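Letters are used for the chains, namely A, B, C, D, E and F, taken in the order the chains are written, and counting of residues starts over at 1 for each.
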Amino acid sequence: MAGIVVRNIERAAAEVIDGLAQCGVATVHEAQGRIGLLAHHMRPIYPGARVAGSAVTISAPPGDNWMVHVAIEQLGPGDILVLAPTSPCVDGYFGDLLATSAQARGCRGLVIDAGVRDVRDLTQMQFPVWSKAVFAQGTVKATLGSVNVPIVCAGVAIEPGDVIVADDDGVCMVKRADAADVLKKAQAREANEADKRDKLAAGTLGLDIYDMRGKLEQMGLKYV
Amino acid sequence: MAGIVVRNIERAAAEVIDGLAQCGVATVHEAQGRIGLLAHHMRPIYPGARVAGSAVTISAPPGDNWMVHVAIEQLGPGDILVLAPTSPCVDGYFGDLLATSAQARGCRGLVIDAGVRDVRDLTQMQFPVWSKAVFAQGTVKATLGSVNVPIVCAGVAIEPGDVIVADDDGVCMVKRADAADVLKKAQAREANEADKRDKLAAGTLGLDIYDMRGKLEQMGLKYV
Amino acid sequence: MAGIVVRNIERAAAEVIDGLAQCGVATVHEAQGRIGLLAHHMRPIYPGARVAGSAVTISAPPGDNWMVHVAIEQLGPGDILVLAPTSPCVDGYFGDLLATSAQARGCRGLVIDAGVRDVRDLTQMQFPVWSKAVFAQGTVKATLGSVNVPIVCAGVAIEPGDVIVADDDGVCMVKRADAADVLKKAQAREANEADKRDKLAAGTLGLDIYDMRGKLEQMGLKYV
Amino acid sequence: MAGIVVRNIERAAAEVIDGLAQCGVATVHEAQGRIGLLAHHMRPIYPGARVAGSAVTISAPPGDNWMVHVAIEQLGPGDILVLAPTSPCVDGYFGDLLATSAQARGCRGLVIDAGVRDVRDLTQMQFPVWSKAVFAQGTVKATLGSVNVPIVCAGVAIEPGDVIVADDDGVCMVKRADAADVLKKAQAREANEADKRDKLAAGTLGLDIYDMRGKLEQMGLKYV
Amino acid sequence: MAGIVVRNIERAAAEVIDGLAQCGVATVHEAQGRIGLLAHHMRPIYPGARVAGSAVTISAPPGDNWMVHVAIEQLGPGDILVLAPTSPCVDGYFGDLLATSAQARGCRGLVIDAGVRDVRDLTQMQFPVWSKAVFAQGTVKATLGSVNVPIVCAGVAIEPGDVIVADDDGVCMVKRADAADVLKKAQAREANEADKRDKLAAGTLGLDIYDMRGKLEQMGLKYV
Amino acid sequence: MAGIVVRNIERAAAEVIDGLAQCGVATVHEAQGRIGLLAHHMRPIYPGARVAGSAVTISAPPGDNWMVHVAIEQLGPGDILVLAPTSPCVDGYFGDLLATSAQARGCRGLVIDAGVRDVRDLTQMQFPVWSKAVFAQGTVKATLGSVNVPIVCAGVAIEPGDVIVADDDGVCMVKRADAADVLKKAQAREANEADKRDKLAAGTLGLDIYDMRGKLEQMGLKYV
């Protein structure tokens, strides 16, 4: 089944993708009905990055990063590499040389359910990575995988061209076809949140803003 | 058993609480006989925070943050929210809106044996959180829990009003009734440590400062 | 078997050790044939440190840091303490007082397959630590271990005097006898990488630099 | 997105499903190109069961087993329940009462990326379960999920009607449309393996059966 | 704080304890409102045991089983040893000799949030243990702990004399004062379950037995 | 460094090896001073096996079982295969065909810090395995490793020809040169334990057999 590279993938509109980046993971995840969130073991290698991009997917054998080289050729500006190993692995598939190459093609980051290395260099380059591990363990180039095929990465089914949003809260996937709609809902949430934030900062309680007291009483909550 | 909110809790004296914060977790933990330390999976969302406060406790169902809203109304200045789910959970119970509300009431931070989200915003707000996970996963508001009841959080039995001390080393609980006494012991340790630190910095060995050589020899230590 | 302190250990040449530090963990690990890497749970307590030194090894009982005091006397300038507990343990064997003492003797850092505490102070002192956990849990001084005996630390067999290289990517061990040779290979890799980095930054693909297209085709890779 | 129950799903032919059960997980997984295997944390509650069936899928909130009741109505003879929580959870969603109900409808087992309880009763009933945990923790019935929608369970994307094969080695998914073809390949492997097993039992080495010596030598393997 | 042995503890009535054993962990846990369940990492060393007894508690240093000897003297017939280490530990605190001694005093089993060894012998003796690990790692006898003091074991606060119920589903604690009341509720559940089990076995659905269809529809569940 | 097969290794005397098997892991581990124990994640695939043998070691790349075929040719009667992957891996390197081949050469079992599959067949064959995981995940044959070189397996440094003892308590390594001496000590322990077991079974306390009361009092233990 391995050994396939899909050259042409469809992508969401650039302004939609950038809009989703601005909203951030938590808002986008809520806006699309609390789906699409990668597992919480996916952590950023440095704090503060917030990006979105189109997924160029990689299905790679454990401990073999050959397909990363193949995938980089398929990158366009604004893409994000998304790698899932075919068996659990923490090896460092990716380092500063591959990041240099990916960045030269306009890649915005890497999401990898495995390991990454050269993180000091990647931090200096401001090439963000969300990974399962930081590990210097080297890999081989001996077995084929595939590029731009559907994968499951950190518990989420991802197709090439789906939108990836990532920040300090983790990584969320938005289906390409839903991206414009999710953006609208996310922006609506944000507008709504600004108002709530002001009220909460002024001391009004969520119990009152969300009108929860009646329902809590009805459910049987007792104050003693 | 769930569905209880205790309104009035007793708290330790403010100056005792603040004194404990200054001593920090490792010193307080030693000073009270190496007890009260929460499990090491409780990590700060950003480095450098050091706080102490009175525990306002929350027992919450997995994936349900309704009780956080209820608990915020019970917060007084100098309190710390302490949440234990009734079953293991990493969902993001708490984000920037709840932090805004808690901060407006004088809350000094959150200790949660589950997940937290919006950590970039929380960092900017300087609202410290010690958690088991960072995870954008949203929660529901469907089932009751309790507020200000005894809980076990990350392996430690905590009652409302107990003092929570938290910094980069983790989180320690001091029983409210013991807080003043523990503070004295912690301050004595600190005074004692300053002197030792000077000697050690000057090159004197712990083996000599603590007079260990005889006992080591008696136990059979061999130098070869 | 415990209860031994070896006083005199051989060390690699200082310039070799310092050269290895400059190359960093990922390069050194590759240069010596992808061996010697400690498990990926060994993480730095703060980002940005990059050190190398001669291992002064400690085999310590779980929850007992007595041997750290013994080991510090054996430290020379440029050494790194390397502690393996005899059974899995996350207790905080080491804090700012021990670090002060170790630093006074020229120690460059600690690698510990267990816990560490006082990490805020250690960060301020710029005393780097790679550990399995940050945990304020105190230890006792009741049972003997050994110093400067062969140990297995985080999956790697280490002898006293072996060279330890550590940075944000983790920790790598180089056998003392191989250190000069590994340094040459690592420096050769670095020189080679600089050239590749330039080409990759200019947009040339790894597929072409490493001449991979033919082999990929022969293995059966299909572009669709 | 939650709140959907799909009533009519297509299933593979019964004789294909039963044939796959006879081949077992390892053979089926190999036969279909080493894909479809659920994560290794999915373990049977008792040894010796080997089943295959059509997936009736459940997407359930953490700690809420309401949808299991809904799913049972959708079961036909030969089906297997497959539950994925929407966030990591180890609660015991399923016990002997639900198993009694499922078994009454011809259900062959449960695959759940969460917890199960009453395992002594389930063992006596010979109702096999593959789960992430055994845990008596009860659940609520407060929030909707969905039944017979696509899910990701233990790292594998599963659609209702896909074939689930499970035994002591774990759990493997075969796409419904591929099931007949995979069965043929699996049976061919089995026939082939019987011959090899005889040769290996007689002392012939795999090195010779698979003609590996030349390739190993060419790769550089040295005997010393 | 360590170094205390409480000689006289109160226990629940023997017939209440035995009644709770018959109900089993899942039923007792439900009957008392889904509280008191130890973490799911507590697993039996062999399947099929179901016991209840009064907790004789042990707070022990990591890797030090001295207090087990002390605790055995405090055992009465029908008791269960419950050990919590003061820091996470998987060492084998307990083996066949200690089990022989405990069994001679009428002890019904061991619940330990650490390791156990000699499990083949313990199985032959039918001395059940619920533990975090099976591990032959030996322990020392160097540091004091306490016996019959309040502990937190696997996430649950337990006082000496509380009732421990344990079977293949895990371990549940019932407060001594609540035991008789919980037994009544558990027995009522069992009676109720027998009737439901018959109906479910006959093919009636839980959806109808529990009258769920209306509420599901009202919540918005859609059948398609 | 990889790509080496050492043909001739020295082994301990057969009667010593068999004697160690009879003593079992816990006794052997104690007899040699509580060293040599593999990590507790190494668990048997079925209960009740107790074996000892000479280690034929395998260093294998992650997800690549080619070297197992090479190692089997090096097996003599009474040997045990011991495999350590060069990076963490849970793939199923070994199944019933390889076991058939190994068993035909007199191999007594497998110790593998990775995964194993076909466990139902292995159980029927009574070919014992201690592993980190049971996982049907297949492997490739693309990259060289080494056979009969020193390895670190599950935290223990093992050389070819060292004695491996394994049972339900885990796996222990005895250095070949120490095996005869360790056997004597282990047998002495066993003789000694038989006497103690009788006394304990008769109700004498360990406190008295080991004469602990004075030391406990001196350490400050208080009975209240």
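Throughout what follows, a contact is a pair of C-beta atoms (placed from the backbone, for glycine too) under 8 Å apart; a residue touches a chain by one contact, two chains touch by 3 or more.
Just so you know, these numbers come straight off a predicted model, no measurement behind them.
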Contact-graph distance - origin chain C, target chain D: 2
Both-way neighbours, i.e. chains that touch chain C and touch chain B: A, E
Listed pair (B-D, E-F or A-F) duplicating the B-C contact set, over half by residue number: E-F
Euclidean distance of C-alpha centroids - chain D vs chain E, Å: 31
Chain A-chain D separation of Cα centroids, rounded to whole Å: 28
Of all residues in chain E, the ones touching two or more other chains: 34, 40, 88, 90, 137
Every chain pair in contact, whichever chains are involved: A-B, A-C, A-D, A-F, B-C, B-D, B-E, C-E, C-F, D-E, D-F, E-F
Residue ranges of chain C in contact with chain B within the complex: 3-7, 46, 66, 69-70, 72-73, 90, 92, 95-98, 100-101, 103-105, 115, 117-120, 123, 133-138, 141, 144
Residue numbers on chain A that touch chain F, as the complex places them: 61-64, 87-91, 137, 140, 142-143
Residues of chain A touching chain B in the complex: 24-26, 29-30, 34, 37, 40, 43, 47-48, 50, 167-170, 172, 193, 196-197, 200-203, 205-207, 210, 212, 216, 219-224
List of chain D residues in touch with chain A within their complex: 1-2, 32-35, 39-40, 86, 88, 150, 152, 155-157
